[in-house]
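Alright, structures below, take your time with them.
Each of the next two complexes has chain A plus one more chain, namely chain B in the first and chain C in the second.
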Partner chain A sequence: MSRYVASRVAQAFGVVLGVIVLTFVIARLIPGDPAVAYAGPRASAEELAAVREQFGLDQPLWQQFVTYITGIVHGDLGISLHTKQPVTSDLIQVMPTTLVLVGIALVFAALIGIPLGLAAARSQGTLGDLAAKVISILMVSMPVFWLAILLQIVFFSRLGWLPVAGQYDTALDSTSPLYSVIGVPVVDALLTGNWPVFASAATHLVLPVIAIAAYPIGAVAMVTRGALLENLGDEHIRMVRALGFSELSVFGRFALRPALNPIVSLIALVFAYALTNSFIVESVFNWPGLGSYAVKAIQTLDIPAILGVTLVVALLYVLLNLIVDLVQAIIDPRVRA
Partner chain B sequence: MSRQTPDLLPAADLAGEPRRRLSRIWPGWGSAKRVPLLIIGSVLGALVVLAGLLAPWITPYPQDAGAVVHPAQTLLAPSAAHWFGTDMVGRDIFTRVIFGARVSLGIVVLVLVVSAVVGLTVGLAAGFFGGWLDSVLMRVTDVFLAFPALLLSVALAAVLSPSALHAAMAIAFTWWPWYARLARGQAASIRRQGYSDAARVLGASRTRQLVRHVLPNAATPVFVQMSLDAAGIILTAATLSYLGLGAQDPTPEWGLMVAQGQPLATTAWWVITFPGFAILLTAVAFNFVGDGLQTVFDPKRGLR
Partner chain C sequence: MRTVQRLVAVIAAASLLAACSGKAPDSKPAPTNATFTYINNLDVMTSWDPATSYSNEGIATNNLYEQLTRSDPKTNKVEPLLATKWVASPDGLTWTFTLRDKVKFTTGNPMDAAAVKAALDRTIELAGGGAYIWDPVKTITAKDPATLVFDLKYAAPLDLIASSAYAAFIYDTKAVTGDLAKWFEAGHAAGTGAYVVDSWKKGTENELTLKANKDYWGGWSGVHYQSVVFKVVQQETTAVQMLQSGQGSFMPAVSSTVFASLKGAKGVTTEEAPSFQNMLAMLNTASGPLADVNVRKAVAEAIDYDGIITTVQGGMVKGTGVVPPGLLGYTTEVQPTTNAADATKLLTAAGYGPGGKKLSLVLTYAAGDPVQETVVTVMKANLASVGVDLQGKALAWETQWDLGKSTDASKHQDIFLFYWYPDYADPYSWFINLFRSATPPYFNLSYWDDKAADTTIDGLQAVTATDRPKAEQQYVELQKAISDQAVTAVLGVINYQRALASTVQGYVDNPSYGNVVFVYQLTPTA
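Moving on, here comes the complex of A and B:
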């Protein structure tokens, strides 16, 4: 096991190095002069030279790479062209909101997707199974930006049931002021026992969570169904059926357990989808998270911010994949071989 | 598959225990149940392709696919004259949605061809030759797979100037590693098969082994995967355009049309609804086909 862990961790380090090289290469693909992009088209020659010196653009490429990688090791991702702040401090500010949003959406996706897949596998070949498959495919085929806007139109403009933008009703600030703990209203309100704000924040979560969770629900349901059916055909299931175990325990105890591995391996992929979906959803619902930050960076062609987001998300993704692999090795000894 | 030979594959048959109910009502269900989505998906997909091909002849106002302005007809609600209504400069949305099929399908074909060629080349080279070449190529592939696909496309498309072609290139840039990995696994296992040894013993050159034996066998799973991926490419391309990183006005691109209609979404619902529905419909069609093909070719493999 420790050998597997060591080789897997070493591999992850190699990938991280590659990720850093690739973002550096993409940054150098920018057509035109990055100094002009920063200083603006009307900058004088002296200003451009100053900018070049400030960012080390007058150095040879390999030296720029060394500077870049040294910066990353020290947590320096450069200065955002748009906010004029260090990208790292911007990211620290926006990350918690997004991670909370994505986390809630993923829990929601698991709570709906796994039972849906179970039910489909349980009734394989019936119309119910077909319906579950069609629903899952609809979920994974939904353009998330369109879904988010439609949800806004239907539940806010037409029905007036749910709030459309922001994280909570800021009018509550005068009656029950919110103290910041981690900077995410729904969590802060919960931790400080601020129930009016918590209730408001919870209703503000409904539509964004649905929009982000759509793809994960479909994907989880499809994989759960497939993994269960694969296991239901196995010898050990025949065995426990022959031994007279109830259908419930055949499914719950003997078929679901070995099916967990494909579901766990899906977590990283679904996280990636949920996170990239949150980019769109946040900007539609006006949430001040990583997604809104990234979209703003894209719109203002803020290359350091775009690459900072790309790098941080890729690092998160590598880390999550590593954790998933290690968890799988614990669940299923065959993985280690 | 196992139904006709229950004695040979008892385990698989047992798995089918709960699925017998419908076949009692309609005996043909047993064989037909695998394909209904494949059939529906193929028909829908064919309709989208036909719509794209025949766009100039089946749309009421073909000139509206371009940069025209009808100030007197802006934001008209759907009617007999304009089935899907008109947009903020008065162009017929039905016309633009139909023409949009050309853009989206064009991007899909371009991405699939480029990434399949690159992926197959890299994967076959790695799997067939093995050794250090294999290690190097697969580590590079790992790096590309370390990014969430949409994110890497977005980053690349953002540093290039926005256009449909650049968006397609940015997507292909993130798509080929999947095919490389798939083809590598196939090539490596084919190399160990008996017929591969036979070809080698008979004195077939490496090129001949690669082209005649490895490529055709490694390509099949890649083709199945491509059918599954078409929907993902449609969605990724639409998302890039929605973010302003793909096709630009006046190109009738579905994602772009949704983005343009978003500020008016509450008053003129039709501007975003129909292009978005076109994306959904096309993605569903491709997913139905991909799912059906997967069931036919390889019933055991799940979603990747």
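Moving on, here comes the complex of A and C:
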């Protein structure tokens, strides 16, 4: 097991190093003068020279790479051209919001997708199976930006049931001021027992979570159904049926466990998908997370911020895949071999 | 008794009828604690220092700070603000401003001549942002607490300069004893404006909240907004829903299709007004095929200007000369004309077209701008109809500019497409930046080199300060020369399309302060 872990960690490290090199090369290949992007189009020649010196842009390329790597090791991802703040501190500020949003969406995806897939497998060939498949395909097919706006129009504009955007009703700031713990209102409110804000934040979570969770729900349901149906033909299933176990036990205990392998792998894949979908969802619902930050960075051609986001997303993805691989190795000893 | 009873009954019935039949009492009472919510699509505060700020934050800083004067689009003049009157010497080299009495900064310190001098001296010394506007100034003297004297190196319209949306704010340099710049960047302000900072939550939806400055010199009689919230909403559809539901008061820029759908919508008022920003196609007069003036004229005449305006669906209005409407020198004597037949003749005479050489031109423009994208598409079709192959290259601004101002002429584009707008309500910046010859080129991206024009441009500020009618004539002559030589094609003037909640009254668009809403001047209604 330890050899397996070491090899996976080494692979992950290699991928991360590759991403770092690639992001540096891309940043230098993009034409244009970052000093102008920082100082503005009407900056004088002296101002531009000062900016170049400040950011080491006048150094040879190899020296810039060494500075870049050293910076990353020390957590320095440069200065955002838009916010004029260190990219690292910007990312630290926005990451928790996105992780909470995507995390809750994935939990919902598992809680809804797995039972949906299980129900479809149990009622294979029936109308129930067909309905589950149609729902899954619909959820996978709907473009997230379209779904997000549709949810707003239906549940806010037409029905008035849910808020249009934001993390909580800021009018509560005067009556129930929120103490910030991690900077995510729903979590901060829960941790500090601020129930009015928690209720408001939970309500504000509904639409963005649905928008992000839609694709994962559909994907998880379809993979669960497929994996279960594959396992149902196995000998051990025939045996437990012969021993008189209920169908619920057959599906839930004996067929589901071996089916978890592909489901767990899938969740790692849909995490990356959900993270990139959050770019759009956060923009639509005004959540100040990594997605909003990335969209603003793209709109303002903020190269350091774009690279910072790219690196962080890559790191998250590599880390999650590493965790998934290790979990799979624990669940299924065949993986370790 | 019966008669009295009948009379009472009649009176009661009449009263009841009157109460039921008459109009409902006139509108609800005006709100006493109204909040104005400005919906912006990007972060508001990127810089807090009033001396060097030069970006989006103008929409907020113009409510926190004030200038000596303010440009008024209704009168087309410069109006008093922190200065009540001013006088220029006949040669335009000395300007004397009388300051408004009994005005204090929000720090409590008085806004007197010494304080104003200190603020402007600091702005000039820091030389950041738009501080170049003070280039004509030699010295500033606080003659007495109410009098400020500017001595200039050369004559310039200082009243206009002092009204600039950037780099002309008057602020308290004694707000702190330590590092003033750091104090500002921590989210503080020290102005004389009608509002003060209540909270700044960087990166959040309600990024900036201002509250009424209770000691504001303009007073608070009547009904005013008591607080201003700057809300960051990236997605237009979300912003529109907020506006319609009453969660927002103002959207500064609405796309043409959404603008059309909001006209007449319940709870929303739409406003459109031409800005001082125009879109220019700078034609390369120095190298390549367009160095031939007849080829430039052909290209200029091939463009369907009306077609461009129609295609952008209200996003632009038709321009005339280089100077947009509302500024000194605006003229209708110069009109862009479309004449494909004449364009073809000119091209043929120059050796292009059927039987001649093939003409291929490179046009650079800003990537990610849908309006420019649309314009380039139209121009491509227009030029194709006269046998010219136009290659549009969408580039990041820095790249477009890098190539344009390169000292290697072979890297230069044939047509440089971009916007220009002034820092204050004066056309001078077009001519000094875009048409004055410069080596290496800065913003003169037609590379136009005309000594007579240079001489005129160099004297424009002095003439504007001393003889405005003459300045107007010179601006018109310059525009005629630019048009005669087909140096640039004015593709249109950006049309502001805005949406407001119908509870907002008193809004007047002021193109001198792009996208700024002077909230104090508005009246909230229920």
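The rule we apply is simple: the second predicted complex is superposed on the first by the 337 of 337 C-alpha atoms of A that agree within 3 Å, B and C clash if a C-alpha of one lies under 4 Å from a C-alpha of the other, contacts with A are read in each partner's own complex, and residues count from 1 in each chain.
Assume a contact is a pair of C-beta atoms (placed from the backbone, for glycine too) under 8 Å apart; a residue touches a chain by one contact, two chains touch by 3 or more.
Every value quoted in this text rests on a predicted model; they were computed, and no experiment measured them.
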Quiz item: Where does A:71 make contact in the superposed view: on chain B (first), on chain C (second), on both, or on neither?
Solution: neither
Quiz item: Given the superposition on chain A, which partner contacts more residues in chain A: chain B or chain C?
Solution: B
Exercise. For A:196, select first, second, both or neither according to whether it touches chain B, chain C, the two together, or no partner.
Key: neither
Quiz item: Which partner does A:125 reach: the first (chain B), the second (chain C), both, or neither?
Solution: first
Quiz item: Can A:295 be said to touch chain B (first), chain C (second), both, or neither?
Solution: both
Exercise. Using the superposition on chain A described above, determine whether A:82 touches chain B (first), chain C (second), both, or neither.
Key: second
Practice problem: Applying the touch criterion given at the start, work out whether A:152 contacts chain B, chain C, both or neither, answering first, second, both or neither. | Solution: both
Exercise. Overlap the chain B and chain C contact sets on chain A and report the shared residues.
Key: 30-31, 149, 152-153, 157, 284, 295, 299, 301
Quiz item: For chain C, which residues are in contact with chain A within the complex?
Solution: 42-43, 46-47, 54-55, 127-128, 130, 132, 202-206, 232-235, 237-238, 241-242, 244-245, 247, 368, 395-399, 401-402
Quiz item: Within the complex, which stretch of chain A touches chain C?
Solution: 30-34, 36-37, 40-42, 44, 47, 82-84, 90, 93-94, 149, 152-153, 156-157, 164-167, 170, 283-286, 288, 292-293, 295-296, 299-301
Practice problem: Within their complex, state which residues of chain B touch chain A. | Solution: 10-12, 14-16, 18-23, 29, 33, 36-37, 139-140, 142-144, 146-152, 154-156, 158-161, 231, 235, 238-239, 242-245, 255, 258-259, 262, 265-266, 269, 272-273, 276, 279-280, 283-284, 287-288, 291, 300-303
Quiz item: Taking the complex as given, what residues does chain A use to touch chain B?
Solution: 11, 14-16, 18-19, 21-23, 26-27, 29-31, 122-127, 129-130, 133-134, 137-138, 140-146, 149-150, 152-153, 157, 219, 222-223, 226-227, 229-230, 232-235, 237-238, 241, 262, 266, 272-273, 275-276, 279-280, 284, 294-295, 298-299, 301, 303, 306-307, 309-310, 313-314, 317-318, 321
